[in-house]
Structure formats: structure tokens, C-alpha cells
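Below are two complexes that have chain A in common, paired first with chain B and then with chain C.
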Partner chain A sequence: MDQQRQITVLQASAITISTIVGVGVLSLPLAAVRAADAGAPLVTLLGAALSILASMLIVWLGMRFPNESYIEYSEKLIGKGLARTIIIIWILYFAILSSLIAREFGEVVITAVLRNTPLEVTVIVMLLLAAFTSRKNIMTFAYIHTFYIPFILVPVLLIVALSLKNADVVNVLPLWGNEPSGIVKGFFMLSTMFQGYFIMMMVIPSMRSPKKAMRSIWLAMLITSILYVLVVSATVSVFGAEETKKLLWPTLELAKDTSLPANILERLDAVFLAVWVTAVYTSLFSCYYFTIYSIGKLFRLQDHGMLSFFILPFLFLLAMLPQSLVQLNEINALITQFGVALTIAYPGLLLLVSLLRKKRGNQKQ
Partner chain B sequence: MSYSKWMGSQKSDNNHAATDANQNQEQERPITSSLRETTDSIRKLLGDNDDFNTHEFHVFGQFQAMMYYFTDMTDHTIINNTILKPLKYGPRHIDVEDIPISQLKDTLINDTLYHSEGYAESSLSIITDSILRGQTVIAIEGLPEAFIFDTRKISHRSIEQPATEQVIRGSREGFIESLSTNISLLRYRMQTTDFRVKSMEIGARTKSKVAICFMEGVTNPGIVEEVKKRLSAIEIDAILDSGYLEQFIEDNHWSPFPQIQYTERPDKVVANILEGRVAILVDGSPLALIVPTVFSQFYQTAEDYTERFLLMSGIRLSRLVALVFSLVFPSLYVAIISFNPELIPTEFAVAVAGGRAGVPFPAVVEVLVIEISMEVLREATIRLPQQVGGALSIVGVLVIGQAAVAAGFASPITVVIIALTTIGSFATPAYNAALALRILRFPLIILAGTFGLYGVMVGLILVTNHLLSLRSFGVPYLSPFVPGNFQGMRDLLTRAPLWKMRNRPSFLYTLDQSRLGDTKKDQVNHASEDIISPVQPDGEKGQ
Partner chain C sequence: MIGEMYSGYLYMAIAIWIFSGLFNLGVDRTNYGQFEMKKEQKASTVLGWINLSLGVLTFTGAMIIKLLV
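== the complex of A and B ==
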């Protein structure tokens, strides 16, 4: 199993970044302006801060048990029965999250790109892609995320940079927006956008030196926060807060307005979407893999590859359940907020128990 | 037990490799002292061959002896001068009249024979093997061992520049079919005590000699062990080319991408051995295999290192662009034309639309038809002799393409795109990698025609994930890009100067890391003045 313990600090950061940056990039500015008007960048920053704290919680917990999967140490800390119940809820949450990602992806594609394709086809293609790749081992998982990172980060930064020629600073002033009260209500919602850090729970047992896991999560959250704040600032400064509230996917509209210098290519949204596919694929892949990994560890299976096709029909059915885009967004908001609470509360509980009972895992490499 | 046996099938297990029918029984039998018995057993094993000769003569005028050889494989000059002549005359400093039979063998080997590589052998199987390899065997009445001499002489072609790997600057030698010549080409380039050559025989009927070459103290022993293990496991009746070996020892047989590199150039083999890889050569094949292989090797050539780094970095980048182009260009064209024409700048879009006006098919079908005809044309030009083939390729691309446009079932831009793609695939130095990308183009075109840019992305993601999960002898296929390794990236997209590439590639885990000495300043930085001066050597200014 030594071969399976080779994930470096940089690879762990890459995994986290590509899990976080996904389908949420498109609707991120909308959530931000709904919460705080022109104070959207600020509320994004606050949401990022909260999620950084939550992620540090998870990583600290993981570092105390560097050689065990989170299922094993949960059972050790709070007993088998309670741990298993909570973990089943946990697994259900991530399965639903995967199906929500696939569904939102399908909605964007059939609305913006392939107008005549049925929704089922786009959803099933994306789920199949994730299912096929989930059969591989964790080193391939790390390689895939490491490979796609530049292809995700560079285009987003490029779009942000190119759009600034239409930007107007007035749109992002005042910094705390015209309704500061919204910030307090809204930043929890924003922190759901950064939810991908849960993947560190799976990555830490396979890292080459788990002691450095904190470094990788700081790097990852720093990069993601800066990226998201930039995206929100660019969108709001180009469109203004009121107009952004009317756009369903503001980042996509931002890409539509952008063109390469000297008009080499116009209407870059098609290109942006093509690249965004990789971002969604990596996040969906992470969620899918995490779900299968958890089920495998829960039932003490040796190899979780066969589960990947087993859960595919369930996820597909879950993805097709919301009846419309509106319902999808409502469900999304609810579930992700519940999820953030879960991912803060449960590791927090485990950490507390671990500190109180002074239990640590076997620290040997 | 196997399913067929359980069903009561009469066929026996097909697991035995084909072996010489006769050899099995005679395997360990030694020859006897009787000359007639020896001759009979050898004749029985070899069968009735008109090119097999036996020559009877007397050693020192007294002992009856027989010489066995294949006339067409042996060098008669060596036989006559170094074997027959001394045997018939005897050494001058020894009195050959009364040599007892027990001392005969020592006298012959130590004092008489002029041939430098003779030895005595008693096993019949080894004797017949040697005769089959072109060696000469001499059996003497009364001696229980026969003498074997290496007299092999087979005509070979001369050493010339390899046809598939031509360079402007670099050596013009290429491997030929003879294994010993190939190894000599390697040895003279690496005149160090650490260079090792280990040989084995693979192939039950061809008994081809396979040599494994590596550098002791540099190559990781794990790789050498794995190579030996995989080669020893092969049980087949014939190894006709190194390609047969490749198909047995590669990691993933279903992947379109090659996991083993092959080359005809000795300097490339030497460079790879010095980086920590292992080379495999087969007798009868001019292509050497190099393991482990990573993807970045497929767009590097030997010329990259012999020329200066700035220029060759640019050329290497252009090769990489050509490689990526040959994969995605047609599918991008189909996706943009069919699904996202708004991406094309307006003035150009008008021209494209005009060209496509009369074409009856959708873009996908048109591109597929032209691609397939291009592949057929390519195959055809390989089979044709030089004079006809050259003309056909120009005719094929330009004239037929133009005719297709004029006839109205292709648009001019399609022909341009396909032609650029094909030329791009020729820019890839490795033929096997170019093949992989050629084949992968077609599913991408179909995906592009079905799902547009989204389909192209899905196809590219599938291809990339496959590349990321591939390994060649334990080394991840996309090293040093993934897993990221900054030291290895000096040789990835561009080539760093030779004095900056201090260490061997880290993904090969070599035993000896550094290539260069420590004093960099003197190696590279040279003062340009004060070398020649207009002042006379003894200090006086010229008149």
C-alpha cells in the first residue's frame, strides 16, 4: 500500500481547488448580490473566511489520525452505532450533492449550448464520465486533479482580466453595500460555495506527509477565495448589482461580453463553457469518488470500483427529481446549507471528543 | 480446471509453447567417443539438408576426425586457415607422433589450434545448436567431447542512416539486423566499465538472441529485474522483430498509446541508457526497445540535444503544437461550424459559409469522408516504390482535394484543415505515437458532430484520463508533468541548456543523480577578449 501514499502537498491543494471550483462558479455572483447588493465582494470574502475556519477544523481532525480513514476514527471516537448512523446521513448528503451538480450542469448545457438535447442525455453523459473514472485508484485521482488545475484556473482568470475593460468601480461601491444587514444573513449562504474542502478527509490518509496537510489546505483556500472574490468583483463591476440580480448565471454573461483583443474570437462563452466542463467534471468526480469511497470503507470492502456503476442509476433518478430550474435552485440552497452545517458540526464534534478523550491515531508513517 | 476440459473437450491444454520435436528427448544426452555414432545422431537431429556438410580428415595424420558445418553460414577462410591447417600439420614445437589420446584434447586447445574462440563440449543439444548458428564442430574418434569454433559469417547490409529518423546534425549510423554489430555500435560510444549487456534466448523455434543493455550504478535495479522477469515469461515459437517483444512486455495492451519506445539510432539508445533506462535489442531486428517510456519522449528527437538550446526549444514547441493539432483540429472545426458559428469572426465566417454553400453533407460527414480517404491515400503511398509514391502524395493532397472541391462535395476550408492535420501528424517523430493520435481523431470528430464543443471536451477528458492512469514499467505515463516535478520540467516543453540539466530524470529513480561536475563557471563562461591580440607575442606592436 506504499504506492498508494504518495500524494504531495501541492497535489492535495490541487485536489481541493478543483473540487471547490465547479458548477457554483456560474451562479456565485447571483448569490452574492442577493445577499449584499454592491457589497458582494465583501460578503464573498466573509463566506470564504468561514469556510477557511471550517476546513481547518476538518484538516486538524484528519491530522490527528493520519493513518485511518474518517470512518474508522469516527467509530473509534463516538462508538459504532452513532458513527454509522451519522455516516449514512453523510453519504446520502454527498450522493445528493453529486446528483445536484450533475443536474445543474445539465441545465446550463441545454439552456446555453445544446438547445435541442434532452436534459437526460447531458446528465447521464456527465454521470457516466464520473463513474468510469471512479474505478481507478487514488493516485490516478490525484493525477487527474493535478493535471486539470491549470486548465481550470487560467481561463477563469483570463475572463476576469479581459472583462475589466468594461468595468466601472462605482458599481462595487460602497464596499459594504447599501444594505449591510444582508451581509450577516448572507455570508453563511456564500460559504456553501466553498464546500469542496470535505475532500481533504479522504486525501489525508493517502498523503506522503500528513503533517503538512494544513499547508495544503491554506494554499487551496487562499487561491479559491481570491479567485471567487475576483470573479464576483469583476461581474458586479461590469454589470452592476441590480442587473446581476436579474441574471441567472452572471459569470456566463460575463464571458459573453468578453472578446479577445483585436477581435480574434468573439462571444467567448462557448469557449468558457467548454473549459467549465472540466471544472464541473473534476468536482463531480470528487463527490462521486468520495461517496463510493465512504460506502466502501463503511462496509469494509477491498475495492470500491464495482460500486461506481451500482450507484449510478440512483444518482440519475435523484438528479431528475427536481421539476424545474426554480425548484432545483431552491433545493440546492436548502441542501447545501444543511450540508455546510453538517460538515462543520460533525467534524467539530469529533474533534472535540478527540481532544477531550485525548485520543489520537497511530502516528507512524 | 479449464472450462473446456470440464465440458469434456478432447483438445489438450494449449499452454505448451511449440518446441522442436526432436530436441525434447535428446536434451541432456552427451556424445560418445565413437565417431560414427556422433555423426549418426547429428545427422538424425538435423535431418536431410543439402547445405549441411561433413568433412572427414586426419588430425596430425593419425586420428580420424569429422567436421560438421553448414556451408552457407560459415566463413571458409577461417575454417581453412585457423582450424584445418593447424590440425593437419600440428604444432612445430611438439612431437606429434606419440601423443596419447588422453592428452590430445589439451594439446589441441592449448598448443595447436589457431582459432581464438574454440572450446570443448559434450552435450549433443548444444552441439547441434552451435551448428545451427553457423559454428563449426569437430569430433575426433576416441574423444568424448567435440570442439566448437565460432565461424559464423552472414552477409549484412551496411550501416546507413535510418530511414525513419533522419537528422541534420547528429550521427548517421543506424542499427542493422546483426545483434553483435549493434552491440558494438553501443559499446564504442560507452567505453566505461559500468555498461552491462545481458543476453537471453527467446523463441522456441527461432531461438533469437535478446540482449538487455543498461548502466550499472545508474539504472535502478528494480527496472532491470522487471525487464528480465517479463522477458523470461515469454513462451512463443518465434520472435521475428522487437515489436513481438513489445507486445508481450507492455503494461496495457488495450491502450492506443505506446508504452515502449523504439529507435534505430545508437546515439538515442546511449542517451537513454545514460538517463537510467534499459535498452532491449533483438537479433534480426534493427529496432531497439527502450523502457520505461513517458509521453514526453515521443516529441523529442536526438537533434534537440545536438543543436543549441534556444532554437531547439522553439522547434520542440512547434512539434508539440503540431501533435496537439493533429488530434483536435478537425473536431474543433466540426464543432464550431456545426454548433457555434458565432465564434468565428464575421468576415471570415462569410468566406467559410460561401465555401460550404454547395456541399450537400453536414460538416461531420464531409470531414469524415475526407479523413478516411486521406488515411487510405497514406496507406497506398507507403506501399508504392519511391518514384511513383512521391508523385502520388502531392497529387493526392492537392489535385484530388481541388477536384473534390470543384466537384462540389467538399469545401475548400475542409481540405485545408485536413491537409494541415495530416502534415501535423508527420511532425511527430515517433510513428507509434502519431498512429495513436491519428486513430483517436475519429471518435473525437464523431463526438464533435454529435455534441459540439461539449463533445470535444468530453472526448478530450476521456483521452486525458486514460493517459493519466497509464504506467510504463511503474513510471506514470505523463511524468514529469504529473506528478509535478519541477526539475524534470527542464526537458519537457523546452530544452534547458546542457549545463543546467544537472540531474538525471527523477521519475526513473536512478542510483546516481548528477550528470555534471561542480565547477560551472569554467565550463560555460568564457571571456571573449584577451584571447588573440594584435600585439606581437613578444610584446612589440606590429609594424
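== the complex of A and C ==
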């Protein structure tokens, strides 16, 4: 059996879920209430719906070329020159995204956990971890994600469920918020929180049955959407929209307020942060791996291991560039919006060209 | 600029450049040689030297600027 074609449907779903659920989960309710006040759950749901459509585009495209990497079929469809130019932009985007994830992780850790630790240390530790683990093949990549998925999903769902005892339904009414006009702009913004589905472009050629890729993306997006809507609903129902707007990391505050029944254990933010570190690692791992995988495929290298340490110092410098948390959030918003456009427009363009030119890859596995 | 604005992490970046360059040259290049992956071996060599050179040059530049400022 081909060692590189062993990823099952569930593993592919686990990869996608753990890529999506990451550093953004802390500030997700803030983005949602800024867009739609009490209508935050609705705007999150709409953002999820848009992401599901975008992810289906990517998977549909990947299923048409099950034996080729996205770089190979891009070159086939739109020519080498244009494809390579766009892929270089793609690689730069994911490299910057990796550095932003590492930086945001560092900011949260030095604020909430290790207050005397320099920011550089937290950033480099996470980047080093991603660099070391990215040297392995895609099956190791899949195993790592599959291993961590229960540790991410179960505690988050538990904390959300326990927080609901402090919830007040009035805080999430009206369902469409006090300013429904914000919903249209807001749901595009919220869809940036789900853009981890890009990882399917890398996973499909390594799937045991690429024909089942649509099932895995559906499962992944469904679970992530439900999780995110629950997190936003719980936060807004506990704090209310106006209070949530004043919190930098509302999900963390929600975990702080949550306790086990009969107050057996309080301040669950410690548990939540431990889980969150895992979630951030898996997201960063995916972005990092995708970056070096893409560079390796672009230069037709059989192994991408040597690239993992090559890009490390550059990502570290990129991560350290923002001078403050405010600047980081501004850059983050700009980059992620550009990224959503990129991850929808480029695969959409390729799919359109593929359909118009009636080009498919070799369907034999 | 180098002496003031980036002094907090520049030396860490230099250390990472040098470490990654040495790792590529010492470990990756050897491993690829053993598996007779010529293209990857060549790529490791090039990338290793790039990172090592960048680390050494940045360190030299930072020292010179520190002496001048």
C-alpha cells in the first residue's frame, strides 16, 4: 500500500478541524459582537455558511485532480507563469499567517500566563515546535492532528456547556441584533475565522479515497461551525454584547467565570489555556507545514524537511515586526481578509477553468 | 535602527539563522547524501549557506552599527 495515501475521511476531518480551531477562538466573540451586537450568533452562522461554500469549492477542485498537488494542477490549468506567481503569493500569505499565529500566541501567553517571560521566547518556542514536527511526512502530520483533536474539542465543549448556567437569553435577543446592517459586512469578516479549510488542498492527494473528501469537509465544517456558534452564543449570553465589546479575549473571560457544579473547581481558564495552546499548535503546524510543502512542490523536491529550518528565522522576524497588540490586530484583520479572498478566488478560478476546459486529472489511485 | 529598535530580538534571530544554517549543512545535507537524494542535498547546502551567511552578516553589521552609534 502506498505509504503516502493513507489518510482516511476522519483523519482529514480531524486535520481540518484542528487547523480551523486555533488562536482566533479567543477573540471570536469580540469580532462577532462588533459586527452585529446581539446578533453575534447569527453572523457567526452566516460566516460559517460562506466558509462551507468556499471549502466545497476547494474540495471539488481537489477531487477533480486526486493524484496531483495543487501546484501541479494549477500549472496545468492556467499555465506555469501565472500559476507560479500566484503560488508564490499564496506561500507568502501562509508564511505571514504562521508568523501572526505565533505572535498572537506569544501575546496571550505573556499577558495571561507567563508574565515575566519575554515575548520572543514564547514565539520562538512555538515556531521551533512547528519547525521540528514539520520535517516529517504527511502521515505523521495526520497522526498528530488526529491525536490532539479530542483534547481540543472535548474541553472546549465542556467549558461552553458549564458556562451556560450563567447565561441570560435576553442577552442574545433580538437574534438579528440591534443594527442588522452590520450583518452583511460582518459575516465576511467572520468567515475569516474558518479559513483553515485550505489545508484540504494539501490533504486530498494523500487521502485513501479522494472521492470521499467532500464527506470529510462537510463533517469538519459542521463540527467547527457548531463549536464556534456555541462559543459565541455562550459568551454573548453570559456577558451581553456591550460587555463583550470591552473584553480583549472574551472566550478566556468566559472560561474564567465558569466553574464546575457546586463550585468544585473554579477558574477554568487554566484548563482552557492548556487546551488552547494545543489548538494554537495544531493551527500553526498546519500553516507551517503547508508553507514548506508548497515550496517543496514548487521546486519539485521529494522531501521538504530542509525547508522547515530555513524559513524559521524569517518567520520569527515577521512575527516580531508588529510593535504592539493593536498593530498586530490591525495587521491580522487585513491579512486574514486578503487571505479569505485568496482562498476563495484562486480555487474558484481554477475550478472554473477546469470545468470550462473539461480538464481532469488521472482518476486512478 | 538596528541598535535601538530591534535590539530585543535581533540577536535571537542571528542565533536562529546560524543554528538553522548549521543544521541544514550538518544534518540535512548528510541525511540526503545517505539516501542519494542529490537535488535535496544540493538544496540543503544552498539553504544552509544562505542562512549561515545571513546570520554572520547581520551579526557583523549589528556590531559595526553598535560601535559607530
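Things to note:
To be clear about the criterion, the second predicted complex is superposed on the first by the 364 of 365 C-alpha atoms of A that agree within 3 Å, B and C clash if a C-alpha of one lies under 4 Å from a C-alpha of the other, contacts with A are read in each partner's own complex, and residues count from 1 in each chain.
By definition in this document, a contact is a pair of C-beta atoms (placed from the backbone, for glycine too) under 8 Å apart; a residue touches a chain by one contact, two chains touch by 3 or more.
For clarity, every value in this text was computed on a predicted model and none was experimentally measured.
With both complexes brought onto chain A, simultaneous placement of chain B and chain C is permitted, the two fitting side by side without a clash.
Within the superposed three-chain model, A:Phe290 lies out of touch with both chain B and chain C [touch as defined at top]. Within the superposed three-chain model, A:Val271 lies in touch with chain B and out of touch with chain C [touch as defined at top]. Of the two partner chains, chain C is the only one that A:Leu317 touches; chain B does not reach it.
Counted by residues of chain A touched, the larger count belongs to B, out of chain B and chain C. Judged by the touch definition given at the top, the superposed model places A:Glu120 against chain C, while chain B stays out of reach. Of the two partner chains placed by the overlay, only chain C lies in contact with A:Phe309; chain B stays clear of it. In the superposition on chain A, A:Trp249 contacts neither chain B nor chain C.
Of the two partner chains placed around the shared chain by superposition, neither chain B nor chain C is touched by A:Phe65. Residue contacts after overlaying the shared chain place A:Thr133 against chain B, while chain C stays out of touching range.
Nearest C-alpha atoms belonging to chain B and chain C sit 14 Å apart in the superposition, given in whole angstrom.
Under the contact criterion defined above, no residue of chain A touches both chain B in one complex and chain C in the other.
Those residues of chain C whose C-beta lies close enough to touch chain A in the complex are 6, 8-9, 12-13, 16-17, 19-20, 23-24, 28, 31-32, 37, 39-40, 43-44, 47-48, 50-51, 54-55.
Interface of chain B with chain A (complex): residues 339-340, 342-343, 345, 451-454, 456-458, 461-462, 464-465, 468-469, 476, 478, 481-484. Put simply, chain A touches chain C in their complex at residues 118, 120, 124, 299-303, 305-307, 309-310, 312-313, 316-317, 320. Those residues of chain A lying in contact with chain B across their complex are 6, 8, 10-11, 109, 113-114, 117, 122, 125, 129, 132-133, 136, 139-140, 142-144, 146-148, 263-268, 270-271, 273-275, 277-278, 281.
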